[in-house]
Amino acid sequence: MKELFAILIGAMLVENFVLSKFLGICPFLGVSKKTSTALGMSGAVVFVLVLSQAVTWLTNEYLLKPNKLEYLQTIAFILVIAALVQFVETVLKKMIPSLYKALGVYLPLITTNCAVLGSALIFVERDYTFVESVVFGFAAGLGFTLALILFSGIRERLETADIPEAFKGMPITLIAASLVSITFVGFAGLIIS
Amino acid sequence: MSILIPVAVISGLGLVFGLGLSYASKVFEVKVDERIAKVREMLPGANCGACGFSGCDGMAEAIVNEGVHPSRCPVGGIPVVNAIADFMGVDEGSIDVKVARVLCQGDCDNAVIKYDYVGIQDCHAANALASGMDACHYGCLGLGSCKKVCQFDAIVVENGLARIIPEKCTGCGNCVKECPKAIIALVPVLSGFTVKCSNHDKGAISRKNCKVGCIACQKCVKVCPESAITMNNNVAVIDPTKCVNCGECAAVCPQKCITNTIVKRSQLNVNTAVQ
Amino acid sequence: MDSRLYMSSSPHIRSGVTTQRLMLDVIIALIPASFAGVYFFGLRAAVLIAVTVISCVGFEYLMRKVMKRNNTVGDLSAAVTGLLLALNVPPTLPLWMAVVGSFFAIVVVKQLFGGIGQNFVNPALAARAFLIISYGTRMTSWTPPLAKAAEIDAATFATPLGALKEGGQLPNLLDMFLGNIGGSMGETSALALIIGGMYLLIRGVISWHIPVVYIGTAGLLAWILGPNGLFTGEPLFHILAGGLMIGAIFMATDYTTSPMTTRGMVIYAAGCGILTILFRLYTNMPEGVSYAILLMNVAVPLIDRFTKPARFGGKAHV
Amino acid sequence: MSILNFKGGVHPPHTKNTMECATVSVGIPETVVIPMAQHIGAPCQTLVKKGDYVKVGQVIGNTEAFVSAPIHSSVSGTVTSVDERIITGSRPVVCVEIKPDGLQEVSEDIMPPVVDSRESFIKAVRDSGLTGLGGAGFPTHVKLNPPKDVKIDTLIINAAECEPYITSDYRECMENTGSIIEGINHVLKWTGIPRALIGIEDNKPQAIKKLSEAAASYGNITVHGLKTRYPQGAEKMLIKSLTGREVPPGKLPHDVSCLVMNVTSVSFIAEYLKTGMPLVKKRITVDGSAVKNPGNVYALIGTPVRNIIDFCGGFSAEPKKLIMGGPMMGVALYSADLPVMKYTNAILALDEKDGAIPDEYSCIRCGRCVKACPMNLLPYEIDRLVKAHLHDDLESLNIMDCMECGSCVFACPSKRLIVQSIRLGKDILRRASKK
Amino acid sequence: MAEKKKAVSVLLNGLINENPTFRLLLGMCPSLAVTTMAKNGLGMGAAATFVLVGSNLVISLIRKIVPDKVRIPAYITVIAGFTTMVQLLLAAFFPELNKQLGIYIPLIVVNCIIFARAEMFAQKNGPLLSVLDGIGMGAGFTLAITIIGSVREILGAGTWMGIPVTVDLFEPAIMFILPPGGFLAMGFLVALFNKLTSRKKKDKNECKTGCGMGCPGCSQAANGGEA
Amino acid sequence: MFKDIVKPALVLVLVCAFITGALAYVNSVTETIIAENERVAEQESLKSVYSEADSFLEPKVAGALKSEGLEVSERIEKVYEAQKDGQTVGYVVAVSSGGYGGKIKMLVGIDNGLNIKGITITSHNETPGLGAKAADSPGFTDQFLGKAPEKSYNVVKRAPKDESEIQAITAATITSKAVTRGVDDAVALVRSMAGGV
């Protein structure tokens, strides 16, 4: 239990995917304009992360490892993730259109999102068990959510700020992200015991 | 041999997913009308709402599902309308390309000011205070509310008077709706002569409030060979369908409030270029 | 009576409170702490204050010029930032680093976001965090106060929190209250800070909510999460140590980066208090005030969104 | 003494210089201009035309609409023109200009009305031309005639007079104490309301004393001192202070069983029932840094502001701003030739120093506006969104709840033009809903 | 002649006009994560260019036979294949660099630049142009992240390509090689790039990635974020 | 049916097969090189902490040592025996100690006389410019060289007064302590093993 808690806090705050590991920056910058869209994207990311951690872990354990094919991890994982996302999307569209409306538009983006493949590669690196890697995926998703939601609040304020011409748009967004990232340095070295 | 296992494993995955995905997309297929996306592509994408729908998406849906005629979109001009009409297989219809024009010449030099306005730079805000700072309460306030809603940067405010740049204007009509004084009108792009005044006061009052206001002297009405000019509640109005751009009226107007705004065709917004 | 009259929307009168006056009050309130800093750490401290204030004001002036905006040096907010920055760094900080910090505070944190009122994190604190991260060595080498220097031979000196973390001799509470300890130049003297805080309260510049809730929450939590089990902590030590006082009175209360409603302020201040103690107790860093406030700054837009005041006459719906 | 209060509000300087100035009459000006829209509700149709001879108290404008009140001539003389003029609003209003003959011949219709029932009482109030004298100008008979299913248990008499400068209601309390009590009794009697509460800010101890004495013999009329804080006189705040009830958004006082009337309004009802003379003159406080002899005057409705100021010794300095009403809620006038109206309770003439408003500065998010707003709004946020043309969220900020009291602007250290933004925002929403 | 011109313009496009990092803002993760040193920028850039060229080539060859339904998995497989190749080659021949770049090498698969170019360019053009596009884009990416890496390395560590350059000038600000410094340097560089190359281009709704997904989440679509 | 389902699947399979085939080929080429790289790297780093030895035996992992009845701290990962001319002259201990940013992995070379021969930090996640100095500049680790103290090392923040005192890297006390703890454990292990030899 304690390890799981450590993984949870660690992945969420200490090594926050977006702010200290630089994973999933594209959606972080792209979908943080409004808190409502940020919430939608976060939901989709958490969902896909948890699911893909489970599936990729199984693929790794039962397909790659026994055949000594670890060098095919990248290709196998991305295939699994892409298929998973596309499948979820197709099914949602038909079965729960309302949820699809809320999440659907974000799903394709997630395939090419570093966070998903990144967390799969990390569980391999760290030799996580099945439960650990699923918890890790969940925590990373929560960390992503936290960063995204906080950031969206700030960006809504930036919308009316009087920003110098050359910095309007992406530059100021990046600088704002830098300041948020500075605040997260506070979590560095958080010891969970 | 060492090549076979990896190939088998990954191809196996590929097979499973290939079959699964194709099957799923068949089972869970959701029909959407592809034409909507195509029409949406053709629309200008300004999302200005001039068509009366919620942006270009709304318009595209309306064209496909409700059979709305593409000429409801003024912004794309003739080429766009024709392209969509072709695609949808409807008659091209006729569209009269219009541009907006501010019917006022009361800039800071011409108009008499009745008070010093201190407050938010917005025509509606000033208008709420005793109808604005211009003594003529029909005149342009020059605080640029129209400019703020023009997505095409077609309006400039100079010396307290809004002016529309015909080369940029697409005739979307947003400024017409915005102006608290209701002095912006959409006129056919080729009509050159307009009475640039909206003052319905009697001549004497008009003359007191503005150097270039229409005083309803009727001279233009009399001189127009085509009888295109009528008096409407103390302002002259030129009917563009009758006007032949001879310029007689402008020559006789004592207040110089009839102006020639003919634009060279070559300078017009490409979209609105007229055949 | 021929000249034109002014027309404007009601109301036609304004209170005498101006932004400039508020900032001046903050500067006045910081005078005791500044004097305490100079008294305990010597003239070097005064030089540092001068450098940060001048460079903050200078950068503000230059940046407004470059951005072609109206000049805002007169509102004195840049001077407040400069003063607070000086009070938040070790008295021995190299002067050029202080100038770099001022640049970060005014140019990057404040003016790029549009200037006064539009920055979303506290400029002085963000600059301090920038300096800590960038020049950790310089920012954590503390000198003893002059009065103690004679007794101690070492050139460097542990702050109370450093001593707590590393094991070392803890100073007595009276010294901590007066400021006769190591630390950033303006944070050591709780007495001077409280005098300043009282002045701000009396002048109505700040309300009591943020300082009291912040300090209260931090004290309570420090007491609960004691080293020898629950409820064995020393709240007074944590309250007087480090930057909690200056943070709670002067930095967390910065208008621009704190919530707008009383309810929001309470949530925000409680968050600051909790994070401060968690950082102090559970991370490798001895001090947590800066990061706690900065993190809560980042959360302010969300807090504001969820603490809209209940509509008059509409208790049921917000 | 001070009792319940409301949340928010501000403390503008009182500047009530004219408290001890007894009311004097301005007299008859050379011309009067009487607008046909001086109240909330339908404007009146003009009943006279150029060249007609009219007498004092003669109805010169009226309509069929219920929410409206007739307009009477305040002088005897000849109508010189009927035309549209810009007064204070964005649209021109029909005005009747009359050249007085100085005789002040009273119309033969003027006689005390016969009141013997609720209906006849309400009709009498309408005929009197009374529209709320507290500043809003809402036709009083409408208020006295709430929907059938509404039960009103409290009549609240608004004598708060929370705006700076203005002392006309205070003078009413001092000069016409009897009429006030009499008027209250009329209203209580004919509407069946059991009790009346009079609310006065505690910076007017004399008036409190005088009214308390006069009301002493009536067990159901009580006088209550209120904390001196603007906008204590706004009806929602007053109801909250006196009864603890909150009028829900978009609702009216009668939804919480209250009826609010201004002191001068009730006093006028008593006078009217005695004499039958409709609302043709008004007590007005004249003050401000550009007025030579500030004071309280009786002016005939339609008298140009210039005449009133001249009566008070003229301008002492070059006037830069003229305000009709108080400095917090009053409207600025663009010319001294505009007439006073039924709801005018003050004329302020300010010099350059007092009249100019400071430039806006960036909002520093100090939260003073939020604290000051008695309606619990977020003025800074509304201001920010309106100025940035982000209109989508305005409705969720309850912008329509704002009563434009100006407390937020007064409190703002950055001198933001919040109220003007709010007006603009309301206008935008209204236009959007019309589309 | 025209052909040649086109080829050259395709090649140069990626450097400035459509610089994937500074203009299109694609592949932000590696641009921020590995740029603590100029050297890493070069290495990452070279690796990504290899994958870009290879996958552009293969995809432009097979584009006609791949049905829509499996387009994404198929393309991704190709890209992943090249990525793994790079990974293996690096491990074999440049073990040091491999260690420095860590998991960001396998993450080339999901680098939006590659997928975007595959979808937008290789999908629509023949092999030759696709390869040129790959080289151009790869060069643009390499150039950009090397610049970012240089700035961060000089400011944050006082060295360039590992060589001390600012020893006596100032003490380096370590923040620049930490995450906040990555965002900060990137922000300033994008602003500078915009300023230098600004040509009042305001094509609103057009999505520049051409990924064709029209995603609201895409930071590229000018009004991204609003569905 | 074929066009909708089988064909896409077949195409995908073909793509997969082709790509994987190519990869398998590349792998078969690089596999041995990579393994060799790793081996060389390992030998090199072992050499760097124990230059006098001419070969190292296959390492024993912590678990195996424990089962031999030795006190093994949790920080110990494995131990190599260092040989010179066929004789065991000392050990190289692989330790992993929790630092500021995560595990700090290092190799400590110790001879039978409990002299520290060398220390390398093989991987870490400390902050560049702060904790990372422990790995980047030899100044810090060089302090350990020579005879290990009787008890354990002490981290101090001033100039060390004797052999057992280690001066911390400024503003990186945590890293310094982590490294020191690792060395301590390695020494303790060798002490018990060398005692047993």
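Going in written order, the chains are labelled A, B, C, D, E and F, and every chain counts its residues from 1.
The rule we apply is simple: a residue touches a chain if its C-beta (ideal position, glycine included) is under 8 Å from a C-beta of that chain, and two chains touch if they have at least 3 such contacts.
It should be emphasised that the depicted structure is a prediction, and the values quoted were computed from it without experimental measurement.
Asks: For subunit E and subunit F, which third chains touch each of them?
Replies: A, B, C
Asks: Taking a step as a move to a touching chain, how many steps at least join subunit A to subunit F?
Replies: Graph distance in the chain contact network comes out at 1.
Asks: Would you mind telling me which chain pair, A-D or B-E, is linked by more contacting C-beta pairs?
Replies: B-E
Asks: Of all chains present, which has the mean Cα position farthest from that of subunit B?
Replies: The most remote chain is F.
Asks: Distance from the CA centroid of subunit A to that of subunit C, rounded to the nearest Å?
Replies: One centre to the other, that is 34 Å.
Asks: For subunit D versus subunit F, what separation do you get between their C-alpha means, in angstrom?
Replies: That pair's centroid distance is 86 Å.
Asks: Can you give the whole-Å distance between the Cα centres of subunit A and subunit B?
Replies: 44
Asks: Just how far, in Å, is the C-alpha centre of subunit E from the one of subunit C?
Replies: The computed centroid separation for subunit C versus subunit E comes out at 41 Å.
Asks: Name the residues of subunit A that each touch 2 or more other chains.
Replies: 71-72, 75, 79, 83, 86, 162, 167, 172, 175, 179, 182, 185, 188-189
Asks: Quick check: what residues of subunit F touch more than one other chain, meaning two or more?
Replies: Touching at least two other chains: 8-9, 11-12, 15-16, 19-20, 23, 27, 100, 127, 129-130, 174.
Asks: Of all the residues in subunit C, which ones touch at least 2 other chains?
Replies: 5-9, 108, 114-115, 118, 130, 133, 136, 284, in rising order.
Asks: Report the complete set of touching chain pairs.
Replies: The complete list of chain pairs in contact reads A-B, A-C, A-D, A-E, A-F, B-C, B-D, B-E, B-F, C-D, C-E, C-F, E-F.
Asks: Can you list the residues on subunit C that touch subunit B in the complex?
Replies: Against subunit B, subunit C makes touches at 4-9.
Asks: So in the complex, the part of subunit D that touches subunit C is made up of which residues?
Replies: 10, 12, 164, 236, 246-249, 251, 315, 318-323, 325, 327-336, 348, 350, 354-358, 361-368, 370-371, 374-378, 380-381, 398, 401, 404, 406, 409-415, 417, 419-420, 423
Asks: Which of the residues in subunit B end up touching subunit D in this complex?
Replies: Residues 114-115, 118-120, 122, 124-125, 127-132, 137, 148, 180 of subunit B touch subunit D in their complex.
Asks: Which residues of subunit C touch subunit F in the complex?
Replies: Contacts found on subunit C: 136-137, 139-141, 154, 156, 166, 284.
Asks: Show which residues of subunit A lie in contact with subunit E when the two form their complex.
Replies: Where subunit A meets subunit E, its residues are 19-27, 29-34, 37, 41, 71-75, 78-79, 82-83, 86, 105-106, 108-109, 111-114, 116-118, 121-122, 125, 166-167, 170-175, 177-179, 181-182, 185.
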